[in-house]
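Going in written order, the chains are labelled A, B, C and D, and every chain counts its residues from 1.
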Amino acid sequence: MLRVGLLGAGRIGRVHAVNIAGHARSELIAVSDVNEDAARLLAEAHGAKAASTEEILADSSIDAVLIATSTDTHSDLIEKATAAGKAVLCEKPVDLSLDRARACLEAVSSARVPVMIGFNRRFDPNFAMIKAAVAAGEIGKPELLSITSFDPAPPPLSYVKLSGGLFRDMMIHDFDMANFIMGDMPKTVSAVGTSIVDPAIGAAGDVDTAVVTLTYADGRITVIKNSRRAVYGYDQRLELLGSQGLLSAANVLENTVSKATAAGVTSARPEFFFLERYMRAYAAEWDAFVKAVLDGADIPVTLRDGVAALALAEAATISARTGQPVEPPM
Amino acid sequence: MLRVGLLGAGRIGRVHAVNIAGHARSELIAVSDVNEDAARLLAEAHGAKAASTEEILADSSIDAVLIATSTDTHSDLIEKATAAGKAVLCEKPVDLSLDRARACLEAVSSARVPVMIGFNRRFDPNFAMIKAAVAAGEIGKPELLSITSFDPAPPPLSYVKLSGGLFRDMMIHDFDMANFIMGDMPKTVSAVGTSIVDPAIGAAGDVDTAVVTLTYADGRITVIKNSRRAVYGYDQRLELLGSQGLLSAANVLENTVSKATAAGVTSARPEFFFLERYMRAYAAEWDAFVKAVLDGADIPVTLRDGVAALALAEAATISARTGQPVEPPM
Amino acid sequence: MLRVGLLGAGRIGRVHAVNIAGHARSELIAVSDVNEDAARLLAEAHGAKAASTEEILADSSIDAVLIATSTDTHSDLIEKATAAGKAVLCEKPVDLSLDRARACLEAVSSARVPVMIGFNRRFDPNFAMIKAAVAAGEIGKPELLSITSFDPAPPPLSYVKLSGGLFRDMMIHDFDMANFIMGDMPKTVSAVGTSIVDPAIGAAGDVDTAVVTLTYADGRITVIKNSRRAVYGYDQRLELLGSQGLLSAANVLENTVSKATAAGVTSARPEFFFLERYMRAYAAEWDAFVKAVLDGADIPVTLRDGVAALALAEAATISARTGQPVEPPM
Amino acid sequence: MLRVGLLGAGRIGRVHAVNIAGHARSELIAVSDVNEDAARLLAEAHGAKAASTEEILADSSIDAVLIATSTDTHSDLIEKATAAGKAVLCEKPVDLSLDRARACLEAVSSARVPVMIGFNRRFDPNFAMIKAAVAAGEIGKPELLSITSFDPAPPPLSYVKLSGGLFRDMMIHDFDMANFIMGDMPKTVSAVGTSIVDPAIGAAGDVDTAVVTLTYADGRITVIKNSRRAVYGYDQRLELLGSQGLLSAANVLENTVSKATAAGVTSARPEFFFLERYMRAYAAEWDAFVKAVLDGADIPVTLRDGVAALALAEAATISARTGQPVEPPM
């Protein structure tokens, strides 16, 4: 049984709390948050106790921590928790600063405990099937990967300003997905971005719509499309062209009902928000972490993976600004 | 080159005229119709001449006739045309009277010329693929066939009154399709019908919505659904469950465009009318007839097939009236 | 908080145990089973105790029982549990004998506690959407309902022999669905059945493939298709034609991945078994029961509904045997 | 009646011959080709005569010419034909040289006869619907256009060498489609290309897989994906994200049949080749040309449109070579 401390009781912390408490081989022991009421409420709901982060890290009965705090604390907490001998599952991104993330990677390089980064989409059953099908050679040699990833609506401007920008905050998922599917880092990153959804996002120095093209040493290409607004729901698709075929993952829809009338045929929208869309992925992610810690299974998303995705986000940020292709700094 | 006389210049006659004139191995020579203006206009549009039916049958330079006149003339014209040595393609149904159709079959049984009945749906590429897949054993042993066949809107009441009723006029296509796919006549026919679309159709002694179940000596089952009204278009689907899988033919849609908005995802309706839906089927039907006449290929839909479908329609008409299963009289 | 005793620790009992224990407003207190080990194991897994059925019914701290025992005990247990003042959720069918089910209905007619029957499919979000859309008039007046319900594989012959037959054991779900969607009992039931999947099922006096047609006093029609074998998975579809359109619920698929190769485009099968397919429905069913008991909400599936579905099954069994349409005995 | 001379009797010339001869308001008078046998055979098949290009241009009874010769002759023939007073429909591209195409545009700028370029895809009913839906404001303000365009198999290397490269030969269709849908020229063109399908294509100085990103002055973005090989067929899709939704045109499939077995569900591939896929588009294109000439309707694809697409191809060719974004030279 894995005894777990949860750092952070916000929206994503609550998702993890359900999975930690609901897993047959893990137990939620303590919850910390800068908002003590939030920590207490979440702890009570799962029969755990509220505590400070320091208390959790000092508690030798706790085996692992899940870091779901604000991004600027991730690197510090990863270092402290590993130093305290806790296994770590940390939400993405590792950091907004690539340098700081690299320093963190260096700092924990000799740690004996597993450190895993929460790129939940790798655990989506559809994307995981594509990875497996590619590995099994079902479409021959991969050539061209396309990722479509649109949010239903932009976050508040206050969030945008602290987010590190679309490439570090949102597209970082897609960079990791590209690394996951392609199994290699690209050699160039070319980005274009625009704030056509909301000029205020542009005024804040960010973009809300972007296309990034990645090229690889062996000639493969990836293209990623992001938009902060797709009014019809959370649009999450992927397709991979190979020498012997095309693999596609379509959206998960809200239901299977359609209605045919004189006006046309209407069917369901994609699941509207990431919590619904990736509910199963979060549970599978936690299960993989439990197995990594308790059974010594491979860590499916390493800290190095987290730094790699961040390096691509950094490169894309520069490319969108300069108009030049950028070699990812890694 | 097959020299063809067309008997009947109505809606379906015009469809056939285009195919006869457009086929590389057939030529439209003459057109007759009770409405002489209609015959003349259609003939002129295709470089043919208007003529009387008698003149066409007497013209020894004409090899074949296509009978697209009103149903009550079909049997007579089949007999006269074969007697005159013309190959015949006759529109469905052979007759409204099963006895008359049988007499016609008897009368032409020794004719040397091909006689084919125009069950156009056998030539639809989708349904033909299902037939071929079954024959190739792709779903093992067939067990349960389902046919959905809805018209977009009921015909005028005046037409309904002369039509011979839904089973002889509309479902006869589906009876032939069942015979085509299953390759055998059923042993029982059980029908229920209702005039829920338009009570005036009921008052005229007909039904507008019906379900017919056919059972076969070897245990297979077919179920056919008909409605005179599907406001979203011409709904033509078929599915066949077998011991090793399910074959389905979905509707042919008007286009491939979809629109996703906050209100849902809207896509195209089925092709709205039988002329669009079965345009390719009519051309393939004519091509098969040309090959049967010129090359001695098998006649893909015989007069016997036409009588068989009519026998099922007769049985269904009786079953819907009595509530009892009926053994088809053949 | 609803304190619950679970009667029956078999496959379906285990599904319910998870939902009872996982619901925020219910608690699993005790589990009974003729197999005491099964009861003990299931109880332990959810922090409950094993007990005899008698002990559960006598325990005044228990508010409700879920009856998931063998069908032949359902009526007795419904009567005993209501007499003991327990709210009841009983698995379908109420009984294999319509007379016994009616006697049970009579016996508990004056009970003050809610009695609900477990027709889980009413709680499937897709079918529930269709019901809501019909009620909202989205396709005008309903005219023709079609239900397709195929199991992936036949049950063991030993099960078939005790099952009461396909109509009472399997199609009873579809009879209830027809009653749910159409909101009325049919006036005639016409059934055909065959044992084409496995002659041994026929030798045991049952059928494995069947089509049933229901007609209603107002002219509507329902057609239900059942097969015990669809090798591609659990095929659960429904469509309803109305005066202004068609509502359809397609299958729930295992994933959203497709693969296009030179051989064609391959996509996922339907969810393979009823536990996966209806997982959400079982949870929603339990939630509805909790609300009925704790909040006095309407009972969404009454004992009377259970008897009504059984009456249709009885009628279909007779119709399949005699070949005659049968008026449902109710 | 439009009297037409066809210049070029190759594959695409034969497609046009059928449409010219089959149109109610046009007549095929003469056919020329460098291969005189090809010209004669095609002419005979449609009741026309073989002639030299010079004879056709000199024949005052001929109103219009369709130029379907090799690309290097297009500009010359456009100039000569307009000088001879013939209306012109010329196959894409206008020229491989942007300078030459511009000179041609200049040369015919004062011509009184219509000159139309054969970007057939604008006449595909699906893409045309998207254009119309955008114009009608159905998805609000367009923001991000994605075009997927994969050929089933690479052309022979000999063709590749003379083709002007993927951007001028293949993606030029997509550049025109972007201009058509977006209604504006982009301000930057960024291309990446690779010869991952066949290194011999790379050795010949071309690419076989490419992604091009276009940005517009108002912040919109287009991304185009091309591959010379999609073994499953001719993959032609388009989607446009707007402020109020997403419009998508899916592939046209070979049929509507699907087969569900234990191995999964298999359905049809996209139409395999451009002739099948765009058959209706070629006919609609010809119809639009006839109306432009005979009725003075707007020319739906002008010579200027042809030069604009070529300018984008030129920019993409440079960008793929230099790695830099290129401003289209126009």
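The rule is simple: a residue touches a chain if its C-beta (ideal position, glycine included) is under 8 Å from a C-beta of that chain, and two chains touch if they have at least 3 such contacts.
Listed by chain with UniProt protein names: A, B, C, D = Myo-inositol 2-dehydrogenase.
Because the structure is predicted, anything quoted here is derived from the model rather than measured.
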- If you average the Cα atoms per chain, which one ends up farthest from chain B (Myo-inositol 2-dehydrogenase)? A
- Query: If you tally contacting C-beta pairs, which pair wins, A-D or A-C?
  - Reply: A-D
- Note on the structure: Separation of the C-alpha centres, chain C (Myo-inositol 2-dehydrogenase) versus chain D (Myo-inositol 2-dehydrogenase), in whole Å, is 57
- Item | Distance from chain C (Myo-inositol 2-dehydrogenase) to chain A (Myo-inositol 2-dehydrogenase) - Cα centre to Cα centre, in angstrom | 40
- Note on the structure: Multi-partner residues in chain A (Myo-inositol 2-dehydrogenase) (2 or more other chains touched) are 230-232, 244-246, 260-262
- Message: Taking the touch rule as given, give the residues of chain C (Myo-inositol 2-dehydrogenase) at its contact with chain A (Myo-inositol 2-dehydrogenase) in the complex, in rising order.
- Response: 125-126, 129-130, 133, 138-139, 244-252, 255-262
- Counting only contacts in the complex, chain B (Myo-inositol 2-dehydrogenase) reaches chain A (Myo-inositol 2-dehydrogenase) at residues 230-233, 260-270
- Message: If we count contacts the way the header does, which residues on chain B (Myo-inositol 2-dehydrogenase) are in touch with chain C (Myo-inositol 2-dehydrogenase) in the complex?
- Response: 141, 143-144, 146, 148, 150, 188, 190, 192, 194-197, 209-211, 213, 215, 218-221, 223, 225, 227, 229-232, 235, 241, 243-246, 323-325
